[in-house]
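Both complexes below contain subunit A, partnered by subunit B and then by subunit C.
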Partner chain A sequence: MVFTTAIMMVRSRGPDEFWRKRKIFKIAAHFSGRRRNCYSIAIKAVHRALQFATIGRTVRKTDMIDLWNTRIKAGCEEHGVEINNFKDSLSRCDIQLNKKVLADLAIWEPNSFKALSDLAKSVAIDYNLPGTEKYDKPSNVITRGLLKK
Partner chain B sequence: MLCNKLLKFASKTVQTVSTNRIAVAAASSLNARSFSAPISQEYVVDNTVAHKTFSDTIIQTVNEAVKNNNRLFAVVHICGKQFKVTDNDLVLIDGYWPPNVGDRIKLQKVLLVGGKDFTLIGRPVLDPDTVQVTATVVDKDLSHTRTNFERIKRKQYMRINFIRKEITILRINSVFITQNIDNRKEVQEMGRRVM
Partner chain C sequence: MSQLGRVKQWNTFARCWHLFDAAWQNPLECSPTIEKYLKGLNKPIYHPLVDCGDHVVVINSKQIAFPGEEWRRRAYFHHTGYSGGATWTPAWELHDRDPTMIFRKAVYHHMKGNLFRRVVMERLHIFSDSNVPEEVMENITNQIPPLRSIPKTLSSYSKEEIEKYPKIIDYPEDFILSKN
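Let's look at the complex of A and B:
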């Protein structure tokens, strides 16, 4: 395109109308009703969808953390430990497994998770953490006070 | 002389004060311990040998369990994230990570190793000489395009960016325990650190 003046260049609006619209229709291809065929409605829907996609990437992280927490909590309840005591005593004896891995272990490695929860229980009793009065000291854990700092 | 006298006087006053205090203390606590009563002694039994044999049997059973297992899983820490892996697993690492395609890597931060009958838990990591997790970098690529779109209503504000992050795919070759778990050095080296 040749622009005779600078004003003419400002006036010309980007690519051809067909290509500009086709870009939007491509994204809206799987929408339903008039949102996929009418441009003025489609562009609103596309803007909304893209915003949701952007926000969703951060929201998914918090959602996953919630999911892992519920899974760990369920595993803890199965073995009779409170999740607060479980986390606290694991960090006290310097076991730095994160929520994702603990949730994985709770589902796929029940024996390992039971070992962790028994350990957490006995460490919680050693430190006399709040809420440990109701715990029975597991007989299979031998700490000899070594885990306590 | 005068100095001595002064000192004596001072010591006398101090004594009187202290005796007074003791008397007050005795009066206030009726159940004061009488020093004539025999003190019950605590006898500490020397059971180091029993403890040693007990821990040795446990370590031996774990060592036998390690020998009987053929497939182990491990929790490894790679690039700020933890993964639970076994043999022949593919691990996708998001973001910048220096190793190149074809590099064989020994993963040293192993937080947990488990098998059918046993689990070794690191505080926070296990001995890198005992536990060996090896991996190969299979692929380095860019991820799919992520659209970052933001817009404010009625304010003529709209931004669109397209992001592609680096991704690395690792193949876990093997997870195994090389030696007996009680076989530890006095001084350990791990990368640049000496523990």
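Let's look at the complex of A and C:
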């Protein structure tokens, strides 16, 4: 099926059977087999697909959050910081980077991410957060306890 | 893509080989750690649809440890497909037959079942002892730290260490500790 113009589809409102069906066929254009050619089967498949699309809008968001968390965790592990301490320290320093940005930094800006994790480590040591006993104080971060509020 | 970019890409997605010593380790506890390396969850570039996992070589799988009654109580189910073909094998018996099977099953069952699971499992190489082929050993660049410390057995103490060990009392010469 060729969809020449969008303007023609404007006419599809109304009782005309051809244009009403054409709207459905247009959504079903990429389906396989009779699901794209027979109206009675296509309409079922389209309803199903639209339901999935509705659900997918929320699922996509949670999926992305999970993925970012996994990536940040992996980045933290590389530099020997625990993700809880990492997040806690960053928020105590008012570094308001969200998960997406932190995950992008971990991939594309490994040096910046290392700097953040070093900072997080030294702040965690300053505040004496739980689990900081195993951290070595990074020598390239000089806080002199000033970051502590 | 520039030459530098191409090399960067290769280096980023290169597969590493990790070594894991399974002696005195609980396979059920190890499986999340092994899974992490097999799937590439330890890398920031991880994506569930990208094949970015590493190889893991597990040695000494014959010496794995189970807690408590697990060797006797844990049963492994198998069905031949024919009627009456179900068998339940206790863990100790399965371990006698194939010392790598329990570790492999522990990792396999820990992972979520999808089309990638068998592909990922292909990257897990399990050896019952420390005799690893040279072509496998030469790839290894990292060792995964053991999750549990390996306890020292009584028989592994040398005679000097036993003599130097601090004593509360000296037994008299004619004191019989055991008849044999």
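Rule of thumb we're sticking to: the second predicted complex is superposed on the first by the 135 of 149 C-alpha atoms of A that agree within 3 Å, B and C clash if a C-alpha of one lies under 4 Å from a C-alpha of the other, contacts with A are read in each partner's own complex, and residues count from 1 in each chain.
What we mean here is this: a residue touches a chain if its C-beta (ideal position, glycine included) is under 8 Å from a C-beta of that chain, and two chains touch if they have at least 3 such contacts.
This is a predicted model, so every value here is computed, not measured.
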Partner chain in contact with A:A74 - subunit B first, subunit C second, else both or neither: second
Touching partner for A:N111 - first (subunit B), second (subunit C), both, neither: first
Partner chain in contact with A:R57 - subunit B first, subunit C second, else both or neither: first
Touching partner for A:H47 - first (subunit B), second (subunit C), both, neither: first
Subunit A residues touched by each partner, larger count belonging to subunit B or subunit C: B
Which superposed partner A:A103 touches (first subunit B, second subunit C, both, neither): second
Partner subunit C, residues of subunit A touching it in the complex: 67, 70-75, 77-78, 103, 106-107, 110, 113
Of all residues in subunit B, those that touch subunit A in their complex: 51, 54, 58, 73, 75, 82-84, 111-112, 114, 119, 121-124, 146-151, 160
Complex contact set, residues of subunit A against subunit B: 47, 50-51, 53-54, 57, 93-98, 100-101, 104-105, 108-109, 111-112, 115-116, 119, 142, 144
Residues on subunit C engaged by subunit A in the complex (per definition of touch): 41-48
